[in-house]
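Provided herewith is a single structure, encoded as structure tokens, for subsequent inquiry.
Chain lettering (A, B, C and D) follows the sequence in which the chains are written, and residue indices restart at 1 in each chain.
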Amino acid sequence: MSGTAPAIELKGISKAFGPVQANKDISIRVMPGTIHGIIGENGAGKSTLMSILYGFYKADKGEVFINGTKTEIPDSQAAIAAGIGMVFQHFKLVENFTVVENVILGAEDGAMLTPSIAKARKSLKQLAEEYELNVDPDAKIEDLSVGHQQRVEILKALYRQADILILDEPTGVLTPAEADHLFRILDNLRNEGKTIILITHKLREIMEYTDTVSVMRQGEMTATVKTAETSPEQLAELMVGRKVLLRVDKKPAAPGDVVLSVKDLKVTDGAGVERVKGISFDIRAGEIYGIAGVAGNGQSELMEVLGGMRTGTGTISLNGEPVDLTGKYSDGQSRRARGISHVPEDRHDEGLILDYTAWENTIFGYHRDPKWSSGPLMNNAAIIQEAEAKMQRFDVRPPIPTLKAKSFSGGNQQKIVLAREIEKNPDLLLVGQPTRGVDIGAIEFIHQEIIRLRDEGKAILLVSVELDEIRSLSDRIAVMFDGKIMGERDPETTDERELGLMMAGISEEPDKPAWKAVEENLEAVEHGEAPKHG
Amino acid sequence: MDKMPAWADVVLIPIISLILAGILSTLVILAIGENPLEAYKLMIEGALMRSAGWGYTLYYATNFMFTGLAVSVAFHARMFNIGGEGQAMLGGLGVALACLFIPWPHWSLAILGSSIGAALFGAAWALIPAYLQAKRGSHIVITTIMFNFIAAALLNYLLVGLLKPAGAMDPATAKFPEPTHLPTFQDMFATAETPLFRGAPANVSFFLALLACLLVWLLIWRTKLGYEIRAFGYSQSGAKYAGISGVKTIIIAMLISGGLAGMMAVNTTQGEAERLILNMTEGAGFIGIAVALMGRNHPFGVLLAAILFGFLYQGGAELALWTSIPRELIVVIQALVILFTGALDNMVRMPLEKLFLALRKKEA
Amino acid sequence: MDFLTILQVLDSTIRLATPLLLACLAGLFSERAGIFDIGLEGKMLAAAFFSAAVAYMTGSVWLGLLAGIAASMALSALHGIASITFQGNQLISGVAINFLAAGMTVLIAQDWFSQGGRTPSLTGAGRFNSITLPFAESLQSVPILGPIYHDLISGHTILVYVAFLMVPLTWWILFRTRFGLRLRAVGENPAAVDTAGVSVVGLRFAAVGICGILCGVAGAYLATALQAGFVKDMSAGRGYIALAALIFAKWRPWYALMSTMLFGFLQAIALRPDLIQNTIGVKVQVQLLDALPYILTVIILAGFVGKAIPPRAGGEPYVKER
Amino acid sequence: AEPAMIYDLGGKFDKSFNEAAFAGLTRFSEETGTEVREIELQSEAQREQALRRFADAGANPIVMTGFAFGNVLAEVAPDYPDTKFAIIDMVVDEPNVRSVVFNEHEGSYLVGMMAAMASETGTVGFIGGMDIPLIRKFACGYAQGVKAVNGDASVVANMTGTTPAAWNDPVKGSELTKAQISQGADVIYAAAGGTGVGVLQTAADEDILSIGVDSNQNYMHPGEVLTSMLKRVDNAVYDAMIAGADMETGFNVMGVANGGIDYAMDEYNAELVSEEMQTAVDEAKAAIASGELSVHDYTSDSTCPALEF
């Protein structure tokens, strides 16, 4: 025990959301001037714990000590006063406000806005210099990239003079280069004596940047260790409670005929912005074609066009037959009838109707299939029976088809979607972010299922922001940046660095520091110019 | 894991809400210097203890079933159809045209024709707001309110001018011909020895409303269309993913909704007045909102809630007959019922959920 | 149409637009904070009754005004409790409030005055009388500007001037003060406000309260300035028109002024079938004139003014814990 | 048996004929000390219900206001041969029914004459409530009276609206009044229920003359209301109730001839009505009474010789 008091000490924190016990009797200590990592499966209670520390939720039980003094944190105001700042997993920014407006919101000086804004402008400039946190103070949030939005969140905290900064999964949406930049900033902050809590799913980040790490499982704190004294394998085991295979086992692919052929596909979104700028590729039977890229570079739109949710121009053909892209003669249902199944990126908003029962969800999108109905009426009994069988096969827990979808955990929800789409035995499977928000155990299972389908000779298009996932599943990897495919790589021969650069829109340019090129490129895109590199 | 058992959600909460509305109503009656017990006794005796009372209660309930179903079908697609009033007025027009200009040989055929007329006209009146919502994003709440006003002006124009028989005073059409008159409960159930439902306006369209409840139930919970409507209502992005067309779903749901609201006119216009009068809806379109809310947008719930509101109407009439309580008391009671069963639902729900959680914890 | 007739129509426009403007600004505060309010109608009605009743009983229109505001705020509080505290459905709460006001006003009026849900007529200090602005008389002879000043600008009740002053004031509050920033933020993203350490509930209640005050003034204007007493249902759908005007105005104060003036003008012109007949040369059915403001509203909403994007968090209760 | 009273949907305080009926009822119960059962309807379907419930309860006679009862009463009356019914504003041909109808066009004609004579601008106004034939009947009689005095006079006629709300929109009544004033009207006749309150108020505020309707409304703004067109529904109700169970049945036309329709003179408008005005109007009144002068009734053929709708 050293003489200094811990910056943060939580004692016996418990919190229930209705019947869900999100935090059970959690205690933790974080020393000042350190970066403390927290890892755990989805739903383990990490965000809840931090939200309690930030006064966003109120704990049912427990005490908080800041710098050794017991502190009541009934609301965020109190947390801010105690020097705590938090960057949430989903940013809490007002989209159509400018950066300064967001920064001063709640921390204004006096009742009038003008002086507050003037002052904030000045101190933003200072902070930008001090911590490499540049953003245009008059830009609207909705016009900024995620990376810059995140900077605004950090600026908000620093503007409120936070000494303790909590970051909840900050790198999930960043390019590797942006992530590097972020960690440089965090390093600076730590060197200034600030305390940082970092929640992440990425063991690599924990190992590289943190001083100490805590592991959570099912609402409980299972261990706190010094980072230097642990290993990724040990952390994974602590997280899931058993040994986990961190790599996927698969046989080499045996590609057959071309199933999907895409030529010069362009997609324009509702606001008139071109999101996919003329891409072409083929996928063969029995192979997994992985698309890597930072979220928002046109992958979602690509998937949506293929799935019939959007219109586009160009040509696609399935098994040699053309597919209508105008939306006039086709929609999601006719795509399904043609043998395209689609596991959407967002299971809550798209893949499932959360208020529908599991059995209703097992025919979602296929409900017009004559198999399920007699005349205008649906054959509910048959659907339920079939649903039960599917749930058994996909090990959905609990296998009760009459439960509402929202009462399943994330991993099981994803399994319901997969059961529906894979059991359809499609020619082409579109899979977006298959393991986002899914715990490690379920990830293993889902990966195996995808590979099984490939080995049965189906074509699979996989989109994921997780490089590791792309690399371990795909037979060919394409990287999308700014609506275009930057190039294709063989997973065996490429590496994270190369892919990371491509994700930022850069082919190798040895004479320039990578971060510099990255920044310039992102900036150009943001300002609507053509990227300078790539 | 649900927070509480389904029966508590479906039965307990509405009952507690109703009791709260009742308590406040009692206070209001006390405040205007009347005796609440007397009042409630009068209402119950007048509405439920005589066959003719039931004849009125069910007559009103028929209207509310149609408008309540209309609101709930639209609501399943997350469309808030406040235009029941206007759609019912247009439905009345459809009934009148069908009854006046087609020589029906028998009521059984006439009711078919007039139902189709009512549904078509009501649906047509819902079509424009639906289209504007689906295609142009015009807020359906506002457009349907506007369409209520426009319907009133249109009906006025027709009834003061074109459709009014020469020499008549009322802004109303001519009386419908004899063969279109619908059998009332009295015609159907009374015998010489047992004079039931004397003078009460309840008529065969009550059974039409029951049938509508059944069909709506089938539609929403048993058909592919209903599946799509609900899916769209729960999640528009989900519907898009599944290839369910938003435009189509909105328009179809609103057409069905408008058609149902229009069918209310079969009861009032063909069944009761036997001619189209200007004020034929009498606010039933708005009551439909409350009925749908109370009935949790389920046809069976709508049926029960419609009967409750029918009882309030008929009970209120009895109050007006035998006491000097102003008729607006019933409006206040309705407001309280809507408030507690609709807007303040969580006030009852939150503590109940806590209670059930605590109970469950104790068991475990 | 000669100049004086135009002035008269515009004068009528101002009087008819005033309650719409007040109600529209009321709705603006509420909806900017994310609380939809179709109960404007009911609040106006309640305020109209209580202002007239109290003005009659005390003989002071100012006390009447206060009473009207208090009544409207009481309904606002109800709306707040239902939709903010208990996270209920805002539309339903609004419908209930409209019913409640329609019933209660008549019930109480009958209990107090026994005049069939009406208040006795107000006289003298029980009413807002029109104000003649300085120099109105002496400037009347100045061509063009004189009549405009005398007939159009001067000669309204104080509440009309209050309503018009509310427009710049609302703009200033919303866009130049800390309160306004927070208010707008809470209608866009309440979570951002919450995590910035400001109470969402407090802000929303404040907005709903301001909405109550303005609806109260609108109702009092109907009963004690435009009229000399309350009759049942005297708000006659103005709350709904104000809502439509608010959407038309895209939730902005200056646009609110313009859109309510437009609606006021439509209503004023509907009162002058003779002018319409003279201008377009054909006689227009009264029923069509009567429906005209509503038809135009629909046409406007159909997107001829571009898409109106409501505050993003509008209509949704702020729920932290699901 | 005590009598019963059923008011039409407008309610008994409609500042119009229901209220006049209420006045008759009040006079009856004050004079005789008898309680009278009353109901204000709230829906169409209650017409029959109220009739039957009162008849079953032994009320006699049962008086109702409004033409809308016509159809229903024709069905109900035969079921209660021992009960007497009186209906106002409609004819029902049954042995136990007294039908009282009013020649409102005659009274409107008289006040129209007065308006034309009192007008200095040669323009007079009419503001109706909801646009229904009955109100057009008022307007048409009024316009004929105006033209009879001054063929060049113009009549500005407006209806308040097309929904029942038109009976209760004094704000719109006010604005219509102002609009009519700006068109030159300096006498305005309001036949608009509660909306008329706004008309009379604004006319008084703007210092022009107004004309009340149904009941004597001269008192509302002393010295500012020219006269009121009286429709003595109160008398009809009083008479029926006083006659009790022995009420004579049959057809009863109340017009200028039998004092059922009149115009109001009292201390409040004495100064407004000149000698010669009164003479002229009384002459016309006599002519109408004797049948010499016939005023066109709009509802007879839905046309009006003096006014276009």
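Keep this in mind: a residue touches a chain if its C-beta (ideal position, glycine included) is under 8 Å from a C-beta of that chain, and two chains touch if they have at least 3 such contacts.
These numbers were taken from a predicted model, which means no experiment stands behind them.
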Relative to chain A, the most remote chain by C-alpha centroid is chain D
By number of C-beta contact pairs, the top two chains: B-C
Between chain A and chain B, what distance separates the C-alpha centroids? Give it in angstrom. 47
Counting only Cα atoms for the centres, state how far chain B is from chain D in Å. 36
Which parts of chain A, given as residue numbers and ranges, touch two or more other chains? 18
On chain C, where are the residues touching two or more other chains? 117, 237, 287, 290-291
For chain D, what residues touch not just one other chain but two or more? 11, 131, 162
Identify every two-chain combination in which the chains touch. A-B, A-C, B-C, B-D, C-D
Per the touch rule, the chain B residues reaching chain C in their complex are 28, 31-33, 80, 82, 128-129, 132, 136-139, 141-143, 145-147, 149-150, 153-154, 156-157, 160, 286, 289-290, 293, 326, 328-336, 338-339, 342-347, 350
Can you name the residues of chain C that touch chain B in the complex? 38, 78, 81-83, 86-93, 95-97, 99-100, 102-104, 106-107, 110-111, 117, 237, 240, 243-244, 247, 285, 287-288, 290-291, 294-295, 297-298, 301-303, 307, 310
Taking the touch rule as given, give the residues of chain C at its contact with chain A in the complex, in rising order. 175-182, 184-185, 188-189, 191-199, 312, 320-322
Hey, which residues of chain A end up touching chain C in the complex? 17-18, 54-57, 75-80, 86, 88, 92-97, 101-102, 104-108, 110-114, 116, 156
Enumerate the contact residues on chain D facing chain C in the complex. 11-14, 19, 131, 156, 158-159, 161-162, 165, 168-172, 174-176, 178-179, 182-183, 194, 197-198, 201, 220, 308-309
